[in-house]
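Order as written gives the chain letters A, B, C, D and E; numbering starts at 1 within each chain.
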Amino acid sequence: MQNPSARFLSLLCLAGLWIAASALRGDPSVLPSPLALAEPFWRELTDGPLLFHLGMTTWRVVLSFALAMAIGTALGLMMGTRPGLDKWLDPWLVVFLNLPALVLIVLCYLWIGLNETAAIAAVVLNKIPNVATLVREGARTLSPDLKAMATVYRMRRIPYLRHVVLPQMGPVLTGAARSGIAVIWKIVLVVEFLGRSNGIGFQIHLYFQLFDVPMVLVYAFSFIALMLLIEALFLQPSERRVTAWRRA
Amino acid sequence: MQNPSARFLSLLCLAGLWIAASALRGDPSVLPSPLALAEPFWRELTDGPLLFHLGMTTWRVVLSFALAMAIGTALGLMMGTRPGLDKWLDPWLVVFLNLPALVLIVLCYLWIGLNETAAIAAVVLNKIPNVATLVREGARTLSPDLKAMATVYRMRRIPYLRHVVLPQMGPVLTGAARSGIAVIWKIVLVVEFLGRSNGIGFQIHLYFQLFDVPMVLVYAFSFIALMLLIEALFLQPSERRVTAWRRA
Amino acid sequence: MIRVGIKRKDFGTLKVLEDVRFEVREGECLAILGPSGVGKSTLLRLVAGIDKDFEGNIERPERLAFVFQEPTLLPWRSAIDNLLLVHEGLTRDAALAMLVRTGIADKADVYPGQMSLGQQRRLALARAFAGQPELLILDEPFVSLDDATADQMLDLTADLLRDVRPAALLVTHDKREADRLATRMLQLSGKPASLGPVPQSFSGGRTYHSGRK
Amino acid sequence: MIRVGIKRKDFGTLKVLEDVRFEVREGECLAILGPSGVGKSTLLRLVAGIDKDFEGNIERPERLAFVFQEPTLLPWRSAIDNLLLVHEGLTRDAALAMLVRTGIADKADVYPGQMSLGQQRRLALARAFAGQPELLILDEPFVSLDDATADQMLDLTADLLRDVRPAALLVTHDKREADRLATRMLQLSGKPASLGPVPQSFSGGRTYHSGRK
Amino acid sequence: EEPVVRAAVLKTGTVNWELDTIQRNGFDKANGFTLTLQPYADNGATRVAVEGGEADVMVADWLWVAVQRAAGKDYVFLPYSTAVGSIVVPQDSPAQSLADLKGKKIGIAGGPLDKSWLILRAYANKEYGMDLAAETEQVYGAPPLIFKSALDGETDAAINFWHFLAKMKAAGMRELVSVSTASEALGLDPDIPLLGYVFKESYLAEHPDVLKSFYQASRSAKDLLGSDESAWDALRPMMNAKTDVEFNQLKKDYLAGVPKPGPVNEDGAATFFKLMADYGGEKLVGDTGILPPGLFAKVE
């Protein structure tokens, strides 16, 4: 956004809608107003364990994201450009793509143990097929003309990937990254409530069992706020830089 | 796949790996061999309620998928082609994209009631931002030249969308659809175990509570088998038809 | 008829066009000459209404046809579908007849990617001619064609101009083409560019070419 | 030097080339003429090793340069980066000098999409000339250029051929270009196409053009 | 040196009240072991923790443990609580007995195999000749959702876990039938502890004293909670009680669920198991249908 104020205004509108809805509903235990969340949020932030749990979750999200994107992109590129390989790996992709998160997570915990490795492995395994699917579709549309050009001029592998392939995959990759980080964070939540003793997912599930909707929202929105920040500070500026040529 | 036998062989390999792993592990309660699943699967299929639950889940998946893809695609197209609108809606997208499935599902159940409408609404709301994100990226790369061509020749809206926009969005859409159906089915599972009285998710959770891994796998794989069939019979042939021009 | 009154057209800090004014009536064909990068394509895009970001105003009729400098076809539709989808009323027979006249009838059912560039250009010409344009815009339509084929295309264009009588705008680097089709010629030159008469050295046609070797 | 011995090249049921054999030595330039769609680009792609699906064998050197029929640039990199990324050892100064010689030095830092088609073509030429090719392949390199610019580009090409002495292959529809650059000319014709001498009517050069009007 | 006992617990579970009391009062050290807690947000996680060897003890209901044991797991069961649920209806509901629920909607938290639900089905069958499952509509859902939809009147009756029941009662809902009433009517021993601590035999073999000391510590905590009001005050922050009414209801229901000391009535348990098999089927009790021997730990 050239105009951060538009972003801000738009969020204010959303909050306004929410306040109106909660006033209409009139049951703060089910739909509390965002204003009513400010105080518990502040308390959890300064006095409570929010930062600790947020940190744990973020660390898990970041690590799994990096791993899943790297492996998924490599796999997707290979499958998208080599039909022979694709034929063989595609059914596996379908199987892992459709394996329920719950099942995969439980199996990981059972096989690897109830530890951090298993948690990360579960998330990564959950997400790789997703990334691979998206990247594969992108790789199938790589321009044969640019490939011919690179072949003729004997471009090396790394510059070729970086300057010819990557920019073509740009939209698919940012799409995959953006929806990917969201999906990963959702899986991390499940991973946390199924077998970790900390993290936002652990807290959300806890407060859900206590039927404390405001606290559930406080924890959910703390991560969303973080994501909004990351969007505004990193994703969007970098995307803007990378796609400058389109708008020029 | 021109060659369905490759598909089949590849699945056999996967099963082989699994059999080997389960033999290595030697604890059928945690990692049963696929052969050991055949009998309970057959029992659930012929004598048990598997078909009923599979039907309920499939119906929910299909309905939510259709709704989420339609709304998400429309939203993504608008956001991708109108930067003005995008500026305003983007923060909302980020919020809904990162709202945990659990939270959204619980809120839907709380606000709409513990019924089918709430279940479908929860899944659709969960999935729309995902589709919109992917489609938006695709829409941003629409060829301005073809758009100019369509403008000059005064192509009408419907043929324009169908013959100019849709084929350009093809890879993004098939990617979104494929990963989308997988994500939707995973959300349906959660929706079912939190507040429905039937469906694969309900059954998986039931057996998970009983810690009956083989039955959990039977139910999980019944849907995967369905997806493999759908891939082989519908998705892949139609994708092949649509992308014929690329390979010609 | 079209009436063009462009005060100025900039790309950011780059001033491309300034004070470009002209009219073209039905049945007239205006050829625009000018060096590479002077702003010819930019001008055509303004006239067609593709680019609306400029100062000035342009009157144009409703039914346009534009042969772009690059073919700009739908790669995912067969050659004949590229005609049929763009022109709503067009019958299959009429489309096929147009493919015959542009010499690519045998390619009717293949995708543009399976055609040579010259064949793709002819398909783009066929697409432009298949409608009944009131305004016909041609941006270097006959490059990449061998002389014999180019000749046929020139004939075809001349026929269309005579029969349908659109207002026509032709950008070309080839004096022969301009001589053959245009009722008037103007030269786009300068920075920012504006229209002027074609310099004497140019109007001599073939004599110029001899200076090349 | 290159040694081409193509027995046949088909696209499915479409036979495009049959029995095309020739050699080009260092410093030689072979011009290939022929009507649109006959198989010229296909032949060049075989020679360059882009398309490997044919019967026969081709010997070619390691360092190639190819000016494609369409510019084929990296739209997401600036003009000068389009040279620098493709040629590893190239210095920024050398790249800039090449842009100067092709007349697009003022466009060094803009993206290809911000250039006119003629400027893009010149960038593609600059890219081909920036290396030290042992084999230079040109597929209608000078279309979309006005005569003055085309003249400059012809000079530039002639210089390169003289200095670097690559084996060169030139496809063109323009007899003047062939006359100017080529040491030999062959005509591709027939279905499937094969090489033969250029018909007499053609070798007359400018006299042919007069027959056009 | 002192063995460490790692307990995998549901962070919101009532078992924390007892374990916290043990730690707070040093009952673990006094009995020669160290207790550490591993809180999880889901019951399934505690199962995975013990199964995977990351924890040594968890809380589970004995039916589940019995089935696992029948399937070959070396789980043993140490009584923790006899607390059972009840079915509640809104205060102004016309229903006076299960028979009045015909054609009504019942929200059930634990799923179709919930013990309370199965016992109530058996009870309805015996008392009124009524097939409760067939003649009512059931809505299964997560405990908080059942809680909320019952309060909102979306369901006509609800069966929930006991700490949610305590809150529902505190919010003015009425107990229609208690499961202990039902089980007595069915001739079941109300003292059979439904929930218990679960150890692996393999672990106990390595730490032979742990079972006994753990039992002692647990009893000490229960005795203290039963006799000393101030012990509860320390627990109040973790009890999530919004009002004094809720707090007292929770306390009362907790103490009502403390099992009698001494060994479990195994014959009674077998009868119970048989009944569950009739209603819950193989799914619930495994394919043997017989209570596996050695399930109940011998501590006295």
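Rule of thumb we're sticking to: contacts are C-beta pairs under 8 Å (C-beta built on N, C-alpha and C of every residue); 3 or more make two chains touch, one makes a residue touch a chain.
All of these numbers come straight from a predicted model, not from anything done at the bench.
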{"item": "Shared chain contacts [subunit B and subunit E, defined touch]", "value": "A"}
{"item": "Interface ranked first by C-beta contact pairs", "value": "A-B"}
{"item": "Inter-centroid spacing, subunit E versus subunit D (mean Cα positions, whole Å)", "value": "83"}
{"item": "Distance between the centres, which are taken as Cα means, of subunit D and subunit C, whole angstrom", "value": "25"}
{"item": "Where subunit A and subunit B are represented by their mean Cα positions, the distance between them in whole Å", "value": "17"}
{"item": "Two or more partner chains touched - positions in subunit D", "value": "70, 114"}
{"item": "Overlap residues in subunit A, where contacts from two or more other chains coincide", "value": "30, 106, 110, 201, 205, 208, 246"}
{"item": "Of all residues in subunit E, the ones touching two or more other chains", "value": "44, 51, 142, 144, 148"}
{"item": "Chain pairs that touch, as defined at the top of this document", "value": "A-B, A-D, A-E, B-C, B-E, C-D"}
{"item": "Of all residues in subunit B, those that touch subunit E in their complex", "value": "29-30, 106, 109-110, 113-114, 193-197, 202, 205-206, 208-211"}
{"item": "Parts of subunit E lying in touch with subunit B, wherever the complex brings them together", "value": "43-44, 47, 51, 64, 67-68, 71-73, 107, 111-113, 138-142, 144-145, 148-149, 154-155, 283-284"}
{"item": "Residue ranges of subunit C in contact with subunit B within the complex", "value": "45, 48-50, 62-66, 68, 70, 72, 74-77, 81, 85-88, 110-111, 113-114, 127, 131"}
{"item": "Subunit A - residues contacting subunit B, complex", "value": "1, 3, 6-7, 10-11, 14, 25, 30-31, 87-92, 94-95, 97-103, 106-107, 110-111, 129-130, 133-134, 136-138, 140-141, 171-172, 174-176, 178-179, 182-183, 185-186, 189-190, 201, 204-205, 208, 213, 216-217, 220, 223-224, 227-228, 231, 243, 246"}
{"item": "Complex contact set, residues of subunit D against subunit C", "value": "11, 33-37, 40-42, 69-70, 104, 114-119, 122, 140, 143-151, 154, 173, 176, 179-180, 206, 208-210, 212-213"}
